[in-house]
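Each structure below is given as structure tokens.
Shared between the two complexes below is chain A, which has chain B as its partner in the first and chain C in the second.
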Partner chain A sequence: MAKHRGRGVAAINYPIGMNLGGDPSQALVHSNPSGKFTVALSSIDLGQGMKSVTRQICAETLGVPIEDVYVDTADSDTGPHCMGSFASRGTHRVGNAVMAAAREARAVMMEAAAEELEVDAGDLETDGRGNIRVKGAPQKSISVKDVAVAAQFRQGKTISGRGIFLVPLSDVDPETGEMSPATCYAHACLIAEVEVDDETGEVAVLKMTSAYELGRALNPKLVEQQLVGGAWMGMSHALYETPEPYYPDTRNGPRDFNEYLMPGPGDICPHDITVLERPAPDGPFGAKGPGEMCANPVLPAIANAIFNAVGVRVNELPITPEKVLRALKAKNGAPASRFR
Partner chain B sequence: MLEFRKDIFADERDDNLKEVGRPTQRQDILGHVTGASAFYDDHRFAGLLHLKILRSPHAHARIRSIDDAAAQRAPGVKRIIRAADVPVNLNTLLSLIQFGKDDEPSLASDVVRYKGEPILGIVATSERSAREALALVRVSYDPLPAVFDVEEALKPGAVSVNATYPKNTFEYYGKYDHQKLRYGDVDSAFGQCDVIVEDRYQMSPIEHAPTETNGSIAVPDTNGRFVVYTSTQALFFSLDTAAKINAMPSNQLHFIGGTVGGGFGGKVDTLTEPLAILAARLTGAPVRYRLSRHEEMQFGSPRGAERIYVKDGAMRDGRIVARKVTAYFDSGAYTRLSSYAAVKCAAHIPGPYTIPNVYGDVYCVFTNRTPATAMRGFGVTALDFALECQMDKLATAIGMDPIEFRILNAYRDGDMKAHRREAKNCALIECCQVAAEKANWPIREEYRRMSSRRGAASAPHASARPEAPRRQPAPAPVQQRIPYDRAGEPPAPDAPPPRPPAPPPAGSSHGATRFSSVFGTRRR
Partner chain C sequence: MRTPVQFSLNGEEVAAFVEGGANLLDALRETVGDLTVKGGCWQGTCGTCTVLIDGAPRLACITLAETCAGRSIETVAGLRRGPDLHPLQTAFIEHFAAQCGYCTPGMLMAAKALLDRKPSPTREEVVEAIGGNICRCTGYEPIIEAILAASRAGDRRSA
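This part shows the complex of A and B:
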């Protein structure tokens, strides 16, 4: 009776956006007369940070400070249509729509500034701190606030923009499955280290080391929360969770969190994450989206680590202690450690 | 610990940005951490009524009769909602994008097809009154045989679950009971390969387990409109679904959502809004319909179970030459979104690898269990589990290091995928290299020099790599200082032996940026 350590690896890719496309999102951007911008969306912030990434995209595109942009979401009377927050589509689809709307609003803002400064709009640039200035002659400048006042009360211009992003719906060939499922993919490789108790069948995850390629990481903190939380969910899927523990037998289903098992804080392991950024050609600033895929490599990596530790393959999820013990029994116990 | 490797693919990015890439604090974080953010259920209304649902205790039964006379007289009961009250009592979620046929009633009238299927609603002045009145409803059932296993459901003579799809499978393109993927010739490839690994994988259902259960509050507004506060993760999806079921113009509905206590795919199904709106219409009062934890766990749709058979064939040098997959999505009693996931699954069958012969059949199967729905990684999570376990078994069978085996077979820019689109913007190889380096997992120099980019260091068996239509190799881009990016350089004739494991990196390395982390440590 002993505890055995093992390491396992898994590598994955993940399609961004609804499969086959055909899932549009719209955005509206407008300025009030103080040069403060509102982004109107109907998209949902589930906690993933939709409001924050779209705010950053809008500020970057407009060339104004982040404090001057506020994102208003999830009101069907004010926010234009969005397919929804699923399929890892928020950053990519909604981000692109916001970028398009912000570009249109920026063009009006620069025209209004050009009229005030009596120069050509093509000679102007934003400094990202709330001013618009003449390229090469930064002393000749005007604040975004003054431009907004002038546009509203003197020039009669709306500093506003509309944006939509749509990946056209792909056909599917019924005979071959030929199709365009997605325009870009995120990638990951994850190594899990586990300890398997051959007496109880319990599996403890000791450490995870991963590399995720997500296109441009628009906000590293939001990427971190997704990757950390996603790995926890992956670990939970691998070892703990199901409402039908003896599927397809429907009995013994849990009714609450006392009966539905998930790892607690003490079961969460250190996770060493590295992020790579290969920009998606059609992503907003090259972004893809880490939302769904971050849970996926954890499940097989843990299964493969269990094999490395005790030499058994459990092909049914979740890998409960009962399944590990049954597999060990069928194999007459665990072989000597092959830890790599 | 989170580290960025800005050096990799640096030549494809303009990092000179002001707001993008910064760890800006979330716009909504102060509200979240101080408890001030309003979730749907934080809205208060005078005269709020509560909707509770009578659910089937049987997995499959004919409803002979429903006697709700006693419930109607129970204290606090304002209204009973029956199947006949639902204006359009048959819907399928993806009818909004013209995919699939209406197959699911909001309230069952003649047959119940899963344990927990809604039959009747009671609107009362409190949740307790509603629950107590539910206990007074007498339903007489004729239990019917049920089917719970996806392969049993496909056998001739199996119990028919879903009246719209009597053969227990979703219908694709008006003629097939599954989604196909066909590329190359798997059978002749299997005949020629050195190693075959074949296995069966099963993923059980998984509950989304959001902190906030599904729910909504529908409030009568002026001019015949209704304001609906909702936990949905797809505002217009839910609005349009609710409008269809209630036969209302969509502009009579004003949906307000936005701060959601966890979704993970489980809040797309619009489980509560249509009946909450109907109840508000029938009573003229604001009505809340929220799932209890028990309902959420057992009757709120889960990630569906998937059964996946995989057969892979490889050569002794490590190349995978053929893959055959048969997958069954357990959709439960109705379609919801599983039909969509089966198509997504078919496209994903080769995973991130270049395989010249691929054959896939993916079925969306109806059984007498709670309808399944989307969940994080929908259509892909279970397949990735199966494929990556296969990759480990193949590497073991061939005697290759599992990371080198993945790098060898990884797709590169310009490779042809089984769904007949060229791979581009690939980065699997680089992820494998970085993960191996960080975990001190030794891989050989030639594998550390490979690249996802065309014209970069090639695979060791490049001439033997599966041939597929490809773009002309691009000229080698200007490269950077680290091994992964050494494009164009052929592997050194005498590749040095694997380097000893590097010590764990101390502090920043490779010009990488580190961010503090929120990780726990193990208790042991």
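This part shows the complex of A and C:
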């Protein structure tokens, strides 16, 4: 009876978004007379940072301070349509829609500023601090707030913009079944090190080392947060979470947090993460998405590490102690570890 | 039958009528109006309703409100001191220790109970202290880091 160490590796290609009838999201951007901007979305921030990232994208595109942008995701009945927060699509799809809306709003803002300054809109630039000025003659400038007031009360203009980003439905080749379900892919590779107890069948994850390539990281702390939390969820799927095995049938399955297991703070391991940034040509400022995909490489890496440790292939998730013990019994005990 | 109960909530005396058998979570949220206490499972398994009763972490959802008469209860609503955030709150912000935020009140109170008792805990003691609190987003690591950082901040202040 012994504990065996093993190491497993897995790599994934992850399509950003999905392909069910096309994959669109919309955004609306408008300013109020105080010169502050509102982004209206139906996209949901579940804590992953959608509001923060779309706020950054909008402020950067408009050329105004981030403090002057508010993202409103309050109501999917009245907001512009969104397919949803899933498939790592939020930053890519919604971010692109926000960028398009902000571009249109910026054009109106620059026209309104040009009218106030009596210059051509093409000669104007934003300073990122809430002012619009003439290129090469920064003393000739006007604040975004004054432009907003002028647009509202003198010019009768709405400083606003509409945006949609659509990845159209991919045709399927009738001969081969081939299709192009996504326009950009994120990539990841993860190494898991485990210890398997051949007496109890328990698997402890000792360390994870990973590299994620997810386009440009628009908010590096939020990306890191997603990767750390997502890897925990991958580990949870690999080893813990299930409505089984509860006997004699699923009516006796888990009903609550007492019976539905997830790894706790004592079950986590060090995770060394490297983020590779290769900007996506069609991503907002080059971003892809770090959401759902960050859990995915953990499962096969852990399964491979268990095989490396004790030589058994468990093909059903989660890899519970019972399944490990049954597999070990079927092959007459565990061999000496092949990884040191 | 409704029973009058008096206790101290974040240092202020509170008097409320509670139904017989009512739990402290419902009493705090619905009768007293302290909405910083969250309910997750209502059966003592998720930890998000953790409050301090006489300094010890307790699950408000399985604590009878009547048994709290004369006791001192602390919730997240009492963490701030004037304009300043509690060092734990600051550390949770700086270390991105929340995503959806639903477990955060319970995590903060479980951590406060630990640091009040043991200002410089080991990592293992931090893990033990939040072992009854479920988080579905962060993977726990940022929360553990935040609590350790708050304890180090406390060391610097008292040094």
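Criterion: the second predicted complex is superposed on the first by the 323 of 340 C-alpha atoms of A that agree within 3 Å, B and C clash if a C-alpha of one lies under 4 Å from a C-alpha of the other, contacts with A are read in each partner's own complex, and residues count from 1 in each chain.
Just so we're on the same page, contacts are C-beta pairs under 8 Å (C-beta built on N, C-alpha and C of every residue); 3 or more make two chains touch, one makes a residue touch a chain.
Quick caveat, the model's predicted, so the values are computed rather than measured.
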Touching partner for A:I191 - first (chain B), second (chain C), both, neither: first
Which of chain B and chain C A:M233 touches, first, second, both or neither: both
Which of chain B and chain C A:L46 touches, first, second, both or neither: both
Partner chain(s) touched by A:H271 [first = chain B, second = chain C, both, neither]: both
First, second, both or neither for A:N258, with chain B first and chain C second: second
Partner chain(s) touched by A:Q225 [first = chain B, second = chain C, both, neither]: both
Which partner, chain B or chain C, touches more chain A residues: B
Touching partner for A:Q152 - first (chain B), second (chain C), both, neither: neither
Which superposed partner A:N96 touches (first chain B, second chain C, both, neither): neither
Chain B and chain C contact sites that coincide on chain A, given as residue numbers: 46-47, 49, 221-222, 224-225, 228, 230, 233, 256-257, 262, 265-266, 268, 271
Touch list for chain A against partner chain C, complex: 46-49, 221-222, 224-225, 228-233, 256-258, 262, 264-266, 268, 271
Touch list for chain C against partner chain A, complex: 40-41, 43, 45-46, 96, 98-101, 126-128, 130-131, 134, 136-144
